[in-house]
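Presented sequentially are two complexes of subunit A, the first with subunit B as partner and the second with subunit C.
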Partner chain A sequence: MNEEVLSKYGGLTRVINYDVCIGCYTCEEVCKFIHEGMAFIVLYEIGGGLNKPISCFHCVKAPCVTACPTKAMHKDKDGAILVDLSKCIGCSACVAACPFGIPEIVPPGYASKCDLCNPLRKEGLTPGCVSMCPTKAIVWGDTAQVAKELRVRALKKLVYKPV
Partner chain B sequence: MKFTFMCKGDGKGGRGRVAVVGGGPAGLAATGYLVCQEYEVDVFDKLPFAGGMMMFAIPPYRVPKESIIEGVEDLEKNYGAKFNYRTKVFCGSEVRHDEGDEYVEKSLDLTKIIQEYEATLLTTGIWLSRKLGVPGDDARNVYSALEYLYSWSVYDLGLSTHKPPVGERVVVVGGGYSAIDAAETALVKGAKEVYLTYRRTIKEAPAGEYEVRRIMSEGVRWVELVQPTKVIVENGRVTGVEFVKMKLGEPDESGRPRPIPIPGSEHVIEANIVLAAVGEVPTPPLDIVCDGIKADPKRRTIIVNNRMQTGVENVFAAGDLITGASMIGKAVGSGLRAAAFIDSFLRSRRVV
Partner chain C sequence: MVKFLKIFSVSAREGTVTRKYPFESPLVTPEFRGRIDIDPVKCVGCGACTRICPTKTLTLSYEGDEAVLKYFIGRCIFCGMCAYVCPQNAITITKDFELASYNLSDLYDEVVHRTVRCSICGKPFTTAKLVREVETRINGGDVEELLNICPECRRRLTVRRIGSRVVGTGGE
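Now for the complex of A and B:
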């Protein structure tokens, strides 16, 4: 995708379609496998035995990036919010700023969060959670693609009943 | 599901041959990892297609079949994984019968497969249901939830022309996901009344209160604190289930309150189909022991070390087969870890 569109619309985006998520833990397990035992998309019980995943929203106007005093928290060319470990001082400003409680400070003392599988993206691959979700609950692409996919899903629910 | 999500290469192979016995979520995840690491992988499955429970037990409104088919086709067409369907692998010549065996056309000896491949991964899952354990539980029209869901899956996939029974009044026994899926499927398929019965309360139901309430809103009747005492059979057909009411006592070994029968509270719920959803147990491709590979005699799980290796060094196991009934994602994670251990085992062996 061209740079202009990326800068205008915030690049690629990932949305969890909670309606079709069955809480099966595939995203969390795949993430944990890719990131040597640490998962950055995690399921929590939200009541009644219902488990759903949450991960970084990679906000277009990311409060964590604004709050970061050392510019460790930054946006890459795809629109993913990444932490530059050489700059991070582990101050928790991003933790406090994030409306979703996503960044966490991990030993030895820096912020850690979803990198949208940066090593995979560099190879032209898709984040693991997106690739492996059995129900395609995790939608990924540029903002126009994501909008289209979600609208088609909504339409199917409204008017299309498979026989 | 793109099982080759980590592929940088093109799956040309050349680094050795690996057999995967069982093509469910654990086996497929492992296959994806291994073909990406340039191993040649042969998958063996007793069913006519891969995906295991995701394809043949979990209803399509939960997991869409296309998602599994796409993933299997990607493994097969783009990365050269070979799928040997309708093939049951078992140790020795006495092959045990499990559920979902109807499509098996040939059996292969596990010991031969182990000799033929540099490594073998066992991921045969949990294809045997616990019985209700009450008189009449072997009557016609008493099915396990797995058997019932499997029958509808093969019928809906067009693999069988035999339409499973719909039933007027269906009684499901259990409180887990199998029970929810069996009850919801019975309702979707046209049963007039569906009762979901559980021996503890909605708070303890393993599928969770939300799921129970969701299918109640669709019309399933929830009956809690009851346990079947017998299946009532007349002229070989089920006419109902006798239940005894239960009360909750002190926590048991599972940490949940122990259900205690209330004497004299026996009553009958009429039914012409009974679905037992009281758990599934592992179905290893062996009976207790196969050379150095051992199953836990009680839990039937394959015993592995912390590298997911069985007693035979080039044989590994993963998924529900080593943990007991779990979730798709846990099986996927287990399969991925086993595949990584197989890779490092084969690499280290080459160095030595």
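Now for the complex of A and C:
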């Protein structure tokens, strides 16, 4: 089953659980530290004084990959959407295509976005935002396991809901 | 001395190899790179050429409702990088090298594009042709209204949408 799910849904998924997120900016600071001053997970106000993070969703059928004229935007074996800097020409087609406005054009002129901490993943570690989140609001892993984890959380919320 | 005389036999065999240039067509090789030519129909104003240009000969500036792609020949080093990166193949390298002029405005070439204003914040963020081009490439993958929203506002909208459903605050 796992093989089938992996091939169908592109392997690993990261989900940001807004229920437990406390908006502490830890993920943003960690991302800034890892990516030399550029944060790819950014917090925005959702109203009521609450701040919640947004980052690349690493879509299975990603518009940025479809729109890219040079195939610089590609999906790696873990399902993360990465930019191949040697192919990127900085045409900002991905910026116009992304429904969530995630990719950015950075100097000297190529697209840049969340790479799910590619160097860390190569060493078998989890992405920075996932491992540093104090409330475990950012879940990352096998699609099936993440779905299971979120179901358990939703059920717990229903059962233990304060009256 | 005798060696020097050999040149006469060579010239008699080959004839004249130089051209009477101003009166005849100049001798340019197939690899020769002259000024570039921007096709205003194909160009979408994405700005890839302005980002690769090593001398900032090509510039893209947003002036209100217009995005102007400006080419200043005076600074061009004829490297051909712009033609290499252009995703629409709008830039061609011509063989034209006779660029001297008494008039400075002859050294400028401009392509004017219409910009798209973000439907939320009202800031011009990209050209209308690029949006249409991306729309055809992704073939209905995006919601039409999202294409006319700037990236910053798209993020805020997404966060608010998820937030309003999960946490129950804010809203659109």
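Here, the second predicted complex is superposed on the first by the 154 of 163 C-alpha atoms of A that agree within 3 Å, B and C clash if a C-alpha of one lies under 4 Å from a C-alpha of the other, contacts with A are read in each partner's own complex, and residues count from 1 in each chain.
Criterion: contacts are C-beta pairs under 8 Å (C-beta built on N, C-alpha and C of every residue); 3 or more make two chains touch, one makes a residue touch a chain.
The structure presented is a predicted model; accordingly, all values stated were derived computationally and were not measured.
S.K.: Just to be sure I read the superposition right, which of the two partners does A:54 touch: subunit B = first, subunit C = second, or both, or neither?
M.R.: The answer is second: A:54 touches subunit C but not subunit B.
S.K.: In the superposed arrangement, does A:22 touch subunit B (first), subunit C (second), both or neither?
M.R.: After superposing on A, A:22 lies in contact with subunit B but is clear of subunit C.
S.K.: Output check: A:30 vs subunit B and subunit C. Expected answer is one of first, second, both, neither. What do you get?
M.R.: The first partner, subunit B, only.
S.K.: Figure out whether A:42 sits in contact with subunit B (first) or subunit C (second), or with both, or with neither.
M.R.: second
S.K.: Just subunit B (first), just subunit C (second), both, or neither: which does A:139 touch?
M.R.: In the superposition, A:139 touches no partner, neither subunit B nor subunit C.
S.K.: Kindly classify A:120 by the partners it touches after superposition: subunit B alone (first), subunit C alone (second), both, or neither?
M.R.: In the superposed model, A:120 contacts subunit B only, not subunit C.
S.K.: Going by the contact rule set out at the top, does A:91 touch subunit B (first), subunit C (second), both, or neither?
M.R.: second
S.K.: After superposition on the shared chain, which partner residues are touched by A:109: those of subunit B (first), subunit C (second), both, or neither?
M.R.: second
S.K.: On the superposed three-chain arrangement, identify whether subunit B or subunit C touches more subunit A residues.
M.R.: Residues of subunit A touched, subunit B against subunit C: more for C.
S.K.: Once chain A of both complexes is superposed, is A:131 in touch with subunit B (first), subunit C (second), both, or neither?
M.R.: In the superposition, A:131 contacts subunit B only.
S.K.: Output the subunit A positions appearing in both contact lists, the one against subunit B and the one against subunit C.
M.R.: Common to the two interfaces on subunit A: residues 47-48, 50.
S.K.: Any idea which subunit C residues touch subunit A in the complex?
M.R.: My answer: residues 46-48, 51-52, 85, 87, 126, 130-131, 133-134, 137-139, 141-143, 146-147, 149-156, 158-160, 162-164, 166-167, 169-171.
S.K.: So in the complex, which bits of subunit A are touching subunit C?
M.R.: Counting only subunit A, the residues touching subunit C are 18-19, 42, 44-48, 50, 52, 54, 61, 63, 66-67, 69-70, 89-93, 95-105, 108-110.
S.K.: Taking the complex as given, what residues does subunit A use to touch subunit B?
M.R.: Interface residues on subunit A, with respect to subunit B: 22, 24-30, 32-34, 47-50, 120, 123, 125-126, 128, 131-136.
S.K.: Residues of subunit B touching subunit A in their complex?
M.R.: Touch residues, subunit B against subunit A: 1-3, 5-8, 25, 29, 54, 62-64, 67-68, 205-211, 213, 327-330, 332-333, 336-337, 340.
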